[in-house]
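Reviewing the structure listed below.
Chain IDs A, B and C follow the sequence of writing; residue 1 opens each chain.
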Amino acid sequence: MFTAPKLTAAEVAEKIGAQLEGDGSVVLDSVGDLEVATPNQLAVAGGEHYLKRVPQCHAGALIVPVGAPVPEPHPALLRAQDMESAFIDACALFAPPAPELAPGVHPTAVIGEGAELGEGVRIGAYAVVEAGAKVGAGTWLWPHSYVGYEATIGENCVLYPMASVRERCVVGNRVILHNGAVIGSDGFGYRVDRAGVRTKIPQTGIVELGDDVEIGANSTVDRARFGVTSIGKGCKIDNLVQIAHNCVLGDHTVLCAQVGLAGTTTLGSHVICAGQAGLAGHIKVGDWTVVGAQAGVTKDLPPAGMFLGSPAVPRMDFGRQMACINGIPKMRAALKEIAEKLQTMEAAANAFLAAQGEGDEAEK
Amino acid sequence: MFTAPKLTAAEVAEKIGAQLEGDGSVVLDSVGDLEVATPNQLAVAGGEHYLKRVPQCHAGALIVPVGAPVPEPHPALLRAQDMESAFIDACALFAPPAPELAPGVHPTAVIGEGAELGEGVRIGAYAVVEAGAKVGAGTWLWPHSYVGYEATIGENCVLYPMASVRERCVVGNRVILHNGAVIGSDGFGYRVDRAGVRTKIPQTGIVELGDDVEIGANSTVDRARFGVTSIGKGCKIDNLVQIAHNCVLGDHTVLCAQVGLAGTTTLGSHVICAGQAGLAGHIKVGDWTVVGAQAGVTKDLPPAGMFLGSPAVPRMDFGRQMACINGIPKMRAALKEIAEKLQTMEAAANAFLAAQGEGDEAEK
Amino acid sequence: MFTAPKLTAAEVAEKIGAQLEGDGSVVLDSVGDLEVATPNQLAVAGGEHYLKRVPQCHAGALIVPVGAPVPEPHPALLRAQDMESAFIDACALFAPPAPELAPGVHPTAVIGEGAELGEGVRIGAYAVVEAGAKVGAGTWLWPHSYVGYEATIGENCVLYPMASVRERCVVGNRVILHNGAVIGSDGFGYRVDRAGVRTKIPQTGIVELGDDVEIGANSTVDRARFGVTSIGKGCKIDNLVQIAHNCVLGDHTVLCAQVGLAGTTTLGSHVICAGQAGLAGHIKVGDWTVVGAQAGVTKDLPPAGMFLGSPAVPRMDFGRQMACINGIPKMRAALKEIAEKLQTMEAAANAFLAAQGEGDEAEK
């Protein structure tokens, strides 16, 4: 069982390239959140918001930015130029090593006829690699993963338990598929006749995942009706995401958890869709655009914009819509006041005219 | 590895029953989208929108409707009465054959005591069929699929890798379950005591899937609390859909990706729920009704309607709501203008009355 | 194959502790819904809404509350103090027994080096328990389940087919993981450089599930970036739910189907999130608060409240917003009427002033 190493603050500072300030002899064995960290833990205090809480914290040592004033009292400080890097490196110092799949091919793995396994491929218990498939050098297939007929998996990939890639799909290098991810399920395609009865349209295409793509647990990427459902290099797809047939994602695009793209929709590169957003089919989203959480995108979106709401509108407009809706009670009150004032003026005018009429009568 | 056949446009026309127009000798080996197709590819140009782009395309040949004028220049044309059929047939011509599961029962498949396998059943590596289950003739169980105790699977079904059917559930004929689909998980049912602590209510019912049902990747259909969670004939369920315990779906109903139905909700036949729609529990939706993407249905819906928004309202009302919200800034401006005009009129009236008063005084 | 027992209403009454009223000799073999139950079935009629429909029902016997007037005609009655208990017990009487996993460890199960299996553990075909893992007494691992390196599973747990727990995660006692549930997938964490290219941040933490937690089919709980993604005792998580890295759930909290929590969000105890709700990251929700279906929570929520909409607001405010939006057409009509009236008054005033002017002229 893993036991975390014990390192002094001074040792940690040296390993992560931070400048030690204060007593570096305190012994640390883990990382903790600033608010709850204990004296055996290293925490982080980056911005103003966190730095002002330092006097209340109990961490044994803190990673802080170079040059930032730190209120007393504070523990030993590890001053870092790049806070994010420093923290990542610190976590790694105390983290257990990632588990290793045993080298080689487990005796229970089923490798189909003509399947090619590259050098250093590791295959776990009960993994299945169908006939004609190719698995690139250095790739790890964890127990219960599945690689379909004539599918191609690149080098240094990881398929976690229950991840599956169906026939003829092409997976690039250094791709990670998490538990239960499905690559190449049939697209949702049917003919419908006049009686409303549906007949399945064969989905004859494939999925292609570019290098460095990561697909989260239980996410699903459907094969194309014809051609390719294509995910560009470096895309990061979170859990429980749906990517329908014939979608195309540019490089370095990010889909957060439970996002859904309908068929034949194209996202540019560096697009970000926040959690639970939904995009209609046959639309295009420009590069660098951000789609907000739970947004519902029904039309093409230009590049470098931010869109919220359902139906999705530019962020400024969404803000105005919200302000408008929130301002309706005031408008209703103003309307009521105006109606009453109008009534008063009408009555006064009528009274005046009536008096005028009597006056005229009197004068006659 | 599959190599697509090379066919001339003339050969393709003959095979798909289309009328050739122009030089049928061009060699084709795949299907492509009109906008990006290359001279070795066959594309489709159906409506006006697409036909006008024909002069810019580079496809080797085009499927077009009988009688439609096609602007020059254009490649060889394959005139089709039924465009959809023609395209499906063309895709099939160039598609690789679907992968075959090896006939018979893989030596690693575990078949429980008293399980019955019909004629021509094919079972892949590591599939598990529990005791007392029945698998109908011609059904294919792909590697890593699971059929639970005393479950019944009909004829000519397909269970893809990681698909699972739990105990006593009944699956009809020609049903397709995609990777990771779960049939028969427990419904979400608990008693809650005064302290807010929940105790599980046994979910003693089953799921029944009618003939020709298709369930997408990682979708989940819960067994009933008692009785049956029932999916009618020909229903098509996309990926990552949730169907809760005791739901009933009529025939030929369609649930798009990431739709969620809460418990004991009944959909009629030919209902369509678009992506990410959510339906509350214990409600009824009439036949032929369409529920829009991301809609939130909280009440019974009549048949043959279309409902959008959350809470869902008839489409016309949703349009009005949107128009209203978008029209609020104008209303606010109009209100401001009225308030100002009223103020002006009030001031004028007061000035007039004051002048009148002085006049009267003067006259006295 | 299971055959339901045949019991008389009198026998059922005795077994479930209900008071028989009427002819207890009718033979029952199942439970049915009041509206569709047949004479061989037992149904339930609790509140007023159901009791008034009794004369139209065809059930062989009914469970009704003690003291409630039941309209004639009605079948044999089983009067119960605790309706919910009575119904649960009745369902159980007629339900088939839950399937048993064969005792012991299936010969095909792969048990890693140093893995510890407690007394009475049952492990099904093709289940995998990695080296150093611990499985507590009485736990059942169904076929195709997976327990990762050095993971700890408590006593009397159930892992259904395709459920997986990754390395070093800690699962408490009496935890149930449904088909395809994933515990310990990597959190969604990346550094992003100036060119918009993302690099994976190692997710070195774990997941901890408290005693009596139940996780639905295909739900995903990500391991922490560092530290623990923590689910408190008695939490009930439905299907297709996403819980991101470093989330913390208090005891007895409930997440309905397709809910999504973004990273480092903390829910108190006894919180309920209804279906498809989404919660942003780094927020806190107080104890006993209810988040409505499809709500979008973007800020901290206080305890014991109810919040609806996206962005989520207190229920009263959501009601007002809806009323406001629905009231806009009336406001628009009122505004139009006021504008017209104002115009009329303006015209009348001008006419009056003009007449006055002429009169004055005349008088001079």
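One rule holds for everything that comes next: a residue touches a chain if its C-beta (ideal position, glycine included) is under 8 Å from a C-beta of that chain, and two chains touch if they have at least 3 such contacts.
The structure presented is a predicted model; accordingly, all values stated were derived computationally and were not measured.
Between the two copies, chain A and chain B, the C-alpha superposition involves a rotation of 120 degrees in steps of 5.
As for how the two copies chain B and chain C face one another, under half of their interface residue numbers coincide. We define each chain's centre as the mean of its Cα atoms; on that basis chain B and chain C are separated by 23 Å. Contacts with at least two other chains are made by residues 108, 126, 144, 162, 180, 218, 240, 258, 276, 294, 310, 325, 328, 331, 335, 338, 342, 345, 349 of chain A. For chain C in complex with chain B, the touching residues are 1-2, 30-33, 84-85, 88, 91-92, 94-96, 98-99, 108, 124-126, 143-144, 160-162, 176, 178-180, 214, 216-218, 234, 236, 238-240, 252, 254, 256-258, 269-270, 275-276, 288, 293-294, 310, 322, 325-326, 328-329, 331-332, 335, 338-339, 342, 345-346, 349, 353. Residue ranges of chain C in contact with chain A, taken from their complex: 108, 110, 126, 128, 130, 132, 144, 146, 148-150, 162, 164, 166-168, 180, 182, 185-186, 188, 190-191, 196-198, 200-202, 204, 218, 220, 222, 225-227, 240, 242, 244, 258, 260, 262, 276, 278, 280, 294, 296, 310-311, 320-321, 324-325, 327-328, 331, 334-335, 338, 341-342, 345, 348-349, 352.
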